[in-house]
């Protein structure tokens, strides 16, 4: 299973070279991740409120293939590419209307016990919710 | 007295029309305000940590006279234009190197008691620190 | 007639005080304006490509009534409040799900001839498209 | 040789979890890159104006070791880690006041001929300017 989030590139995200500034794709990826977590019933707001776990990002990367343009509508296809003991990795493909892949990003998320500030196993309800999105 | 903060317009803040996107001037103004509060010995981080007061912005406005360009160095001149019982108003003038005024902004800040969520008189130490910046 | 644009407050737009940073509402307003211009058949991208007119913002303001929270879904209700000879003013109401108004913003847009850099009458096709959104 | 750029984390860059949002480090890295290019006499604005070359980013990555806090002053240490025929790689280390490394990022920049849109050898003046920053 994959999750898809779409957006239209706003005016302000285009930089002085006339293309979307590279760092914005990380923002877009995170918005896809937020909507995804909500979709699987575990919104980030709930994690913050419970104050039991933190899920910081330990690594992020993006490969840029084709620039994104003003007003372009893109679909961000999210998949889980690794589900470890205390960390998981999400991959994001930024697809244009014609299906061309403009960029591919990854973020690594680590489960941390809020009190001890040490990595901790992914709780069972999150693991179950993530599993069906694992791209094998 | 006035407080001055300078910055160089970054690449990413220029929008699809080749000028600085209008909303960024509010970000710049807030950064000047943060540096100013630090300068008078009352940094925002301290207010957040103390958890006694909040200082939300109740109004913000900006008049744009001349566009800001990529890489342009500007000086933001901050002054206090109103010091009320429970609110104060800051004015920001965005000056180019030649002294030309590119924009003028204002922000209104209200003192709120964190527990009761009601407006409350400006505490004495903040009032004293602000007074010398009042532009009359 | 009014135009409505909705959005969900992303994680990153919440600031160190736990509420949406005030300047982001200007970004949200502009996104509503972009979608509106597209809706009336005159997208900003077209104006930039034609290179005949510029429509800079000469004034922006916002009154903040209630803070916006993480993950909150808001509806931005856009209306035209002034249609002058060479300028028009848009008003944006930020409404929560219960209809409560969290903030009200305005932006003033001036038509400028790209070559002469002087204000110029609003072209007929834009005036006609805007007129039905005039809030009287 | 290394180039160093410092900044203070602004209020608005702290997210709903109370730490600097991960994507902002890419913005900070790019600001360090902009100041660096200016420092070696080849500011980005000049490249855009000349319209002969583009220098898009083809890859970006960041490893996050320790969160950045509100108001924290950091020093971004920039070094060149690869100087290829038509691409170069910059590394950024985000250092706290105590010298602790909070994060390490890299960006890969490709020289592209603006007209043909194909990768092209790094021009001699840029190569010469970069060489002394190569970290071996």
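Every chain is named by a letter (A, B, C and D) in the order it is written, and numbering of its residues begins at 1.
Heads up, the rule we're going with is that contacts are C-beta pairs under 8 Å (C-beta built on N, C-alpha and C of every residue); 3 or more make two chains touch, one makes a residue touch a chain.
Keep in mind the model is a prediction, meaning the values are calculated, not measured.
K.L.:
Would you mind checking which chain's C-alpha centre is most distant from the centre of chain C?
P.N.:
Computed centres place D farthest from chain C.
K.L.:
Compute the distance, rounded to whole Å, between the mean C-alpha positions of chain B and chain C.
P.N.:
Centres of chain B and chain C (C-alpha means) sit 23 Å apart.
K.L.:
Please compute the C-alpha centroid of chain A, do the same for chain B, then give the distance between them in whole Å.
P.N.:
The computed centroid separation for chain A versus chain B comes out at 33 Å.
K.L.:
CA centre of chain A versus CA centre of chain C: separation in Å?
P.N.:
28
K.L.:
Could you tell me which residues belong to chain D and also touch two or more other chains?
P.N.:
In chain D, residues 11-12, 16-17, 21, 23, 27, 30, 44-45, 48, 70 touch at least two other chains, as defined above.
K.L.:
Draw the chains as dots and join the ones that touch; what shape do you get: line, ring, star, complete or other?
P.N.:
Topology of touching chains reads as complete, every chain touching all others.
K.L.:
Contact residues on chain C for chain B in the complex?
P.N.:
16-17, 19, 21-24, 26-27, 30, 44-45, 48, 54, 56-64, 67, 107
K.L.:
With touch defined as at the start, can you tell me which chain D residues reach chain C in the complex?
P.N.:
Chain D residues touching chain C: 11-12, 14-18, 21, 23, 70.
K.L.:
Inside the complex, what are the residues of chain D that reach chain B?
P.N.:
Per the stated touch rule, the residues are 8, 10-12, 27, 30-31, 34-35, 38, 43-45, 48, 70-71.
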